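Structures for review follow.
Heads up, the next two complexes both have chain A, just with different partners, chain B and then chain C.
Right after this comes the complex of A and B.
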């Protein structure tokens, strides 16, 4: 029962968003997309311990791949998701082969540089991507059955279904021997190498899987919005998603989701009132979490009980 | 030939500006090993103070510059005491996050104080002229920046390599516990060095404003640029940052002259190439 509780809460929360904000479904859908993206960072950073500030590289690659595939080949969204996932995985694999040899600050810098390079590529390839104007694409009905509608009901349900699949997949990965070996890599690469685990290939594999999921999130964002812009590659997106993850708590799937929901709601309402106060609030919040609650909000109950937070 | 001269001249000028805005970070991040994403925040403080002193108080350029540097140091020292002292021992990712949080707060504060418009600092007569070099003209401001960059690298080299303070600083960075056991007051050394980094950030923010204009979002817009210069140069090496800034500046300028569309590619391409081949940076020591 205790294990099922988060799932029930999540289901109830998603249903509540659908019922309580029927005219704000576009925003609710953005939360879902962002949740998937933050989960991908959680896999890479929270599980495998790969510090990254450039996850947007794969998000953007997925978004542009899905949009271009729909515009030039087939407008069916689920196929587009597969293309987006493949694009994210390819970008992550190719860059990961170089990046995963680095660590610490160099690694962070390299991830930023890769995202910046892709953003510049998309900016220059104006004929293909529309450059700074963005790329507007119409997608066909999901699985040939459900048209994207004006209020965004289809988009929301579609995003919720994709999110559930990704979450299920990651929950499986987290419990698999592969997931456990990633946790081991995070704690001590040297010891993992000593017990015979292939450190470098595992890191590349984790980065590639995370890239595929980020690609799915990007493709999803393109499909529900019908628009891809250079923002999908931006440093700000990577940094904001990282902040969401830290708020909730790294290394736990629920932490990623909790952080996303809190951040997105706070952003939506506070930024509407005053964008700069919002920046102040989020800055202060991040510092409080880093200094006082390194395990994120999810570790709060344990910390209050006086237990050690990990 | 003229083309080569043009590339060299503009490249060096651009590289010097890169060096000036990044050298403060090279001190805090390179020497003190704290991943200081808030570096741009200190440069913004400097730019905003200089704008305030120049435009609102009506001071001249030089008093405004002095006001910017002193004001930034006055703000940085308490911050070091309250915030950074606790950050030193963190892992890299926690340092990144804490300093991003600090950056957001600085942006919000500057915006509340000065608004989100550009914060220009009026140049004095002597710097806004152009100088005729025979084959072309160059703004006097650029020449001043080049000289200033050379002065800063020379001064830092003297300070770090030739003074007692420099020796103590390097000892404290290499092994804080042992240095402290030798009677070096490492807390004070760290505080002074952080103040130096903030002062250099303010100087770079004001002097570099011609090329990298200052507004409230300055820290976020140029954060990546600063970080790249220091990472390519190598941690723990001010000379490395100098070489990296000049190299990147000349590369990007050359690309801008020869293949304008590829300039940004050239910049990031070189960054990735260098870091992939030498993860510790051009002149960094292997940690």
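Right after this comes the complex of A and C.
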């Protein structure tokens, strides 16, 4: 029962968003998409300890792949998600084969470089991607049944369903032997190697899985917005998602979701209240959380009980 | 069309909760960057709108008009779309406006069509945008609209060989294409096409190679801001002016950067649709209205005039059609008025303004001692030359 509690809370939260913000489903949908993206970083960074600031490479690859697939092959969104996931996984696998041999600052720099290379490639391939103008694509109805409407009901329900699948998958991965070995890698790669765990293949596998999930998030954002731009590869996106993860607490799936919701709401309401100076509020929020709760919001109950930080 | 009943249903069910506008209040949602490196656009939009409301009141016909602002940051189509969606559905705006970047404008095409909300684009300058929704109207300009007349003018001045130097991104390449096509169609020769990285501010190598090629003129297109400034400086320092290579630009000498360029900018030629130094009563009234806002008034340039004319157009639409989106578009098409930039007309086909393109030269105003873009003639009165149906 205790295991299921967070899932029930999450379901209730999603339903509440739908019912309480019926006029604001576009925003609620962005939270869901961002949540999936932050989960992918949580898997890579929080679980496997792979420091990355270039997760947007896979997000953008997924977005462009889904859009191009819809434009030239089949406009059905769920098939597009699969294509997006495959594109994210392929980019992560190919770059991961090189990147996972590096660590620390080198690794961070290389992840940023991969995203920048892809952004420039998409910029150059104007005939295919529309370059800086972006690529506008009309997606068909989800599973041939539900058309995307401008109020955003279809988009929201679709994103919620995809989010639930991704979360369920990651919850399984986190408790599997594979997930546990990733945690081991994060704590001490040397000891993992000593007990015979294949460090490098595991890291590549984790990076690839994270890439597939980021690709799903990217594809979803393309489908909901009907447009892909070069910004899907941007450093800002990777960095903002990382801030969300740190706010919530790394290494836990709930932390990723909590951080995303908190950041997006703070951003939305601060920007609505004062569109000119809202960045102050975000800066203050991040500083308070990082100073007072270095383990993120999820460490709040522990900190209140007196001490356990992780 | 099938979405209309859904929209009506949503309006009824959500109206109470969402603080609905009074019956004859028309709301306009402005989506633009109000934070980050492009915040100046947002400031200029807001000030132009405030200046318009200060001089023309808040009523158009029987309707009260109010503006709501949303910060889209930089290029961010996801955010621009969700903010626009929120404006239409929750804030119940009847008109959307603003949009600085092409992807941001493109992202609301479907929303505009489905909800039948007119969108008045104050800036985004790629021709292709307006083809995406019949509810798009544009009060700025498009790149071919100013680049092609500049090529014609250069040819008429006896210039026969040009090197083009543009920033290597979408709008830069559009400008290069429009200029080259117009110039070679006349019989001129584009001897070299140089594309420069978008983020560079060191233009000396490019300009030295231009100088070595020895054309009669150099065409340039760069995004506003530090690159423009660095380019104009490098043009002066590398002796291109002394070598007799004429500078042919568009927005490079725009007003928010102009004073910082200093004497190096004197004599630079640009073709553009608006100069703050435009000699007309409408422009003087516009400048006085913006200055009337007080000390923090931002420099007035094409972005301000796009928002001012946008407000003008919105007032016309609301007066004629109230909250009816389709009728509002009908009312806007073919509308003519005297803008601070000169006479303008909303082209019914491309839904972009038909306007004068002026050739200007940077001079120092003897009275104020400030640099300005002195207009030395009208070289074309054209609509969107890049429009393809």
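Some points to look at:
The working rule: the second predicted complex is superposed on the first by the 295 of 310 C-alpha atoms of A that agree within 3 Å, B and C clash if a C-alpha of one lies under 4 Å from a C-alpha of the other, contacts with A are read in each partner's own complex, and residues count from 1 in each chain.
One rule holds in what follows: contacts are C-beta pairs under 8 Å (C-beta built on N, C-alpha and C of every residue); 3 or more make two chains touch, one makes a residue touch a chain.
Note that the coordinates shown come from a computational prediction; the quantities given were computed from them, not determined experimentally.
Touch criterion met: A:136 reaches chain C, while chain B stays clear of it.
Contact with chain B, but none with chain C, is seen for A:53 once the two complexes are overlaid on the shared chain.
In the superposed model, A:24 makes contact with chain C only, not with chain B. In the superposition on chain A, A:271 contacts chain C only, with no contact to chain B. By the document's definition of touching, of the two partners only chain C reaches A:150; chain B does not.
By the touch criterion defined above, A:221 lies against chain C but remains apart from chain B after alignment on the C-alpha atoms of chain A. Judged by the touch definition given at the top, the superposed model places A:279 against both chain B and chain C.
Taken together, the two structures place residues 276-277, 279 of chain A in contact with chain B in one case and with chain C in the other. Against chain B, in their complex, chain A makes its touches with residues 45, 51, 53, 98, 101-106, 108-110, 112-114, 116-117, 120-121, 124, 235-236, 239, 242-243, 246, 276-277, 279-280, 282-287, 289-291, 294. Residue ranges of chain C in contact with chain A, taken from their complex: 3, 6-7, 10, 13-14, 17-18, 34-35, 39, 42, 69-71, 74-79, 81-83, 85-86, 88-90, 102-103, 106-107, 109-111, 114-115, 126, 128, 132, 168-171, 173. On chain A, the positions that touch chain C within their shared complex are 22-27, 29-30, 33, 123, 126, 130-134, 136, 138, 148-152, 221, 224-231, 271-272, 275-279. Of all the residues in chain B, the ones that touch chain A in their complex are 35, 83, 86, 90, 92-94, 96-98, 100-105, 107-109, 111-112, 116, 216, 220, 223-224, 227-228, 231, 235, 261, 264-265, 268-269, 271-272, 275-276, 279-281, 287.
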